[in-house]
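Here come two complexes built around chain A, the first alongside chain B, the second alongside chain C.
Right, the complex of A and B next:
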């Protein structure tokens, strides 16, 4: 049987492929094309007809204070969580890769928060952050200032509180990926370095860091794509408030498109988000590649 | 030698402190769910603390959480079974055949994984409306029966299996379906286990899709019910915590039993991107 040239597909093959082809068309390709199309219309779910409005939605979005605030918050969220999550994840991975009894146990424990439903985690932290809750008690113990009304009800702390929870939750997941990368580094490299009398820090800089770079690049891109899409935390904990201080881009899309049913407007916001994610991922890939080359 | 032992103790101490940071919120959740009383500020009064299952009992007497639990189980199980079957079929063809459009199909599998899901929530909502399946079980199940990640996982695994057995079965006149059922699926058991655990977890915890694709109370899954019941007057924190504990139990059990499979699945899923 020729395996290197194109074969005629059997009837059964079409049948086997059809679930994916149908899913792809109905639930992926169509929505993506529709989203692009709708963003140039003034389509509203409850109105009967719609018309093309060109770039009006986009122009209007840039004037919309809630939208620019949401973009700002989303960037703050991403820039404020990504470095911490990444650093903690690398440190934990290196820590677990060293000599430690019960290694697998600790690895599982650290990873556990990212296994749990985000809704549940958000519910737990809503209580922890509440007025008179445990985090306030903790702040009182160490003498740190805290907002009386509760962390999620103060414009100064709400976003930071959500960010802190996210760092706590996501670290274990990225730790696992770093750990996989660490374990693929051949041990002989370290042995040779030790024979040459290289210090631990030098070993880290010369051997560990370069080997972690592909994973680091991947995690930075993956983590920022995920961070730009923050929604569940905001929905459960703050509903975008207080005073839009935790409103994020996806939450804005949801509110405009599926709460107020301004479909065209919401779709335009979603496409701007898409474009931002694409540009940022591309920039990150380019920046880190240039540095490593 | 003593300094080494001392160092070791230090490392364990650090490890335990980090473990506490990771686990204490869940201890709080569990203690809260089992508490007889709960202060309004969300702290647990250890002085008058008494373990009780009363919160769980009240919970199961309430329809608004009983039904979501059943929905969550049904949807996660059906979607998982669907993925095991359909991803194997698709992965098999993509691994074994060469045909026009195969490259395109492979690219779509990877590209779709990179599309931010939230970009398509509005059109997906409209699509389910037009198909007439909005707010039905079909909306919760159909779009997720076959996943790009699963296809990718199965294709990679099948590629590594030599096709000899399939070829000889074919010569003996076995149909393609028999080949899949009798040869491919048994050989793929390790990959299927990874896929099953992964798919179940993702769908069990899934919030945004069930949230936007349904509207009536009777169609809610557990995470949706939890998110929407929070803050309502007629549910108190211990009950909410009890419901959260129930939603965490399957994840925890799976995690304890299959932590190796789960980590494998996550690393495989991440590395292919």
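Right, the complex of A and C next:
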């Protein structure tokens, strides 16, 4: 009888788990396997036919100037945004963790950009960055140089402009995560440190930072994955231009796969991106964990 | 536990019954009427009611048919259509942009409408994009062309009299230069750049006006590095040097604010300008040409109706298309969209005695307009063309080198396509 009861229990367990399992198989595992398979073919979406081309797509990608430029831009974007977003988020979290009037108001204000639709924010920034826009006006007032043609139309500033918007938008979200981590640090530790005469910097270095490390690890990995997958900002603001100066890997995959329907080629690019994200995430985990240990 | 198992079984049975019912009901509505699905792009509140009104009238006159409308957007409609057709399903009738027809026709996803459209060929305009390898795959539904919008107030400030209309390339370039010299954030010409799917539409009219042809006779190579290509690109760069290089939407905003002398645009800008308070006068004219003896060429865009080759009701689908392009529906649709160029030559708007001067310019320009060259790989060729022009606009390459690069890259795409 116990065996029968166990079997019945298992059936119902599987049944209730099935929506998630089916979703996982259909919408996650199957596309990953299919994408890997397609990257070795010259699959043509509309014709519905394909032939195996081995590693041709990958070899061709490495010689494709647009793809190498997209990889370069993606790395610049990630390296250029991640440290700033993380540092600003930590600083804001520490600032808001102290005794401050209107604390809840400031928390809401800093978090607000994360709640607005990315498309809406991108459209607003497109207008701000335009020729004659408010940012040019501001630069003019403080005497800072700016591109006459508008920030998004200059190859020198287009990517930086997208990065700046991303930092502005993402900081509030990570700030909230850091704030949650800060509030979980026992206050007794700071009291004991103060009794021992530890300076504010030393308290930050030996108490705050070690306690923030699990959250820091999570945020660095999450933020770098998100940065490597940057798409919406580019799609709305620049379409990869001018002269590919804002073309990123996901945008490249979108253009090849869904605009030109070079599915095999696009899938190969997507798999390279997958490999890069996996390696970078593994390195980040290893580096931060080793330092924590 | 037995109850849970019974519930689970019941749920499974319900799912299977529901899916079976859904499968069996494909192509038939619950009332037994034949269902024709129609995907279209007119979602804005000014036009959608007209589409719904026409569909309602079609259903009233064809009581055995139920039309299911599906809305698409220009941002992702191409992908949605391609994926639906590739999956072997999708709608019966689809609205396509003129530059997509050959792509879908070449892959066998569209029904050959050659025989079904025999009675329509004389009454409807602009069939070229609908024809692929000698067969008609689409029916024109909506046409539009671009003309030159000119700011009369700025022209006067630049020293031109009330009657000046630029007819030659030189006249336009000189007037644009004079307006840009007015300063105070004024620009002579609105030039597109870094905006996919638009830049080529601005360059090609100049290329055609200079006598250029995109393809050689057997369509194995493009001919941008010809004299016509060089002349037209140099001219476009000259205009851009005295212009505002921006996206089309922002160029039109600048024109509406009275800051730009000349803009190439379509009917939608007339609508925009008439619905706002203006501090300047403007007029429209046909595109200038190198010599000025006849109007220059313009780009004609169009939206076409096609029938999916997977349609289970191709006759009903074609019936719906015939209905939509009838003169009275075409007139009503053109009025709703603000088009000055109805597709049906029998449409009352075509010989309306009250045609405005602006509408007459658009109709004259339509006769001197061409649409996207018909090739299944056009989307890729277009990207190469735009990237090349960008290289020249940003002075990364000379016009000659940029055009040579375009021809070389296009040749590689055409060869790859021919080898498939």
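We take it that the second predicted complex is superposed on the first by the 278 of 293 C-alpha atoms of A that agree within 3 Å, B and C clash if a C-alpha of one lies under 4 Å from a C-alpha of the other, contacts with A are read in each partner's own complex, and residues count from 1 in each chain.
The rule is simple: a residue touches a chain if its C-beta (ideal position, glycine included) is under 8 Å from a C-beta of that chain, and two chains touch if they have at least 3 such contacts.
This one's a predicted model, so the numbers in the text were calculated from it and none came from an experiment.
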Assess the superposed three-chain arrangement around chain A: do chain B and chain C clash, or do they fit? clash
Considering only touches as defined above, state whether A:12 meets chain B (first), chain C (second), both or neither. both
When the two structures are overlaid on chain A, which partner does A:44 contact: first (chain B), second (chain C), both, or neither? second
Partner chain in contact with A:258 - chain B first, chain C second, else both or neither: both
By the touch definition at the top of the document, which applies to A:134: first (chain B), second (chain C), both, or neither? first
After lining up the shared chain so the two structures overlap, which partner does A:70 touch, if you call chain B first and chain C second: first, second, both or neither? neither
Have a look at where A:109 lands relative to chain B and chain C in the superposition and call it first, second, both or neither. first
Partner chain in contact with A:20 - chain B first, chain C second, else both or neither: first
Of the two partners chain B and chain C, indicate the one touching more residues belonging to chain A. B
With the two structures laid over each other on chain A, which partner does A:98 touch: chain B (first), chain C (second), both, or neither? first
Of the stretches 26-34, 44-52 or 62-70 belonging to chain B, the one that collides with chain C: 62-70
Can you pull the chain A residues that chain B and chain C both touch? 5, 8-9, 12, 15, 130-132, 258
Spell out the part of chain A that touches chain B in their complex, as residue ranges. 1, 3-10, 12-13, 15-17, 19-21, 23-24, 26-32, 34-35, 38, 92, 95, 98-102, 104, 106, 108-113, 115-128, 130-134, 137, 168, 172-173, 176-177, 180, 218, 222, 225, 228-229, 231-232, 235-236, 250, 253-254, 257-258, 263, 266-267, 270-271, 273-274, 277
Could you please specify the touching residues of chain A with respect to chain C in the complex? 5, 8-9, 11-12, 15, 44-48, 130-132, 149-150, 152-153, 155, 238-244, 255, 258-261
Going by the contact rule at the top, pick out the chain C residues touching chain A in the complex. 1-2, 4-5, 8, 78-79, 82-83, 85-86, 103-104, 106-109, 185, 193-196, 244-246, 250, 379-380, 383, 387, 390-391, 394, 396, 420
Residues of chain B that touch chain A when the two form their complex: 8, 11-12, 14-15, 18-19, 21-23, 25-26, 28-29, 32, 39-43, 86, 89-90, 92-94, 97-100, 105, 108-109, 112, 114-127, 131, 142-143, 145-146, 148, 151, 167, 175-177, 180, 201, 204-205, 207-208, 212, 223, 226-227, 230, 237, 240-241, 244, 247-248, 251-252, 255, 259, 262-263, 266-267, 270-271, 273
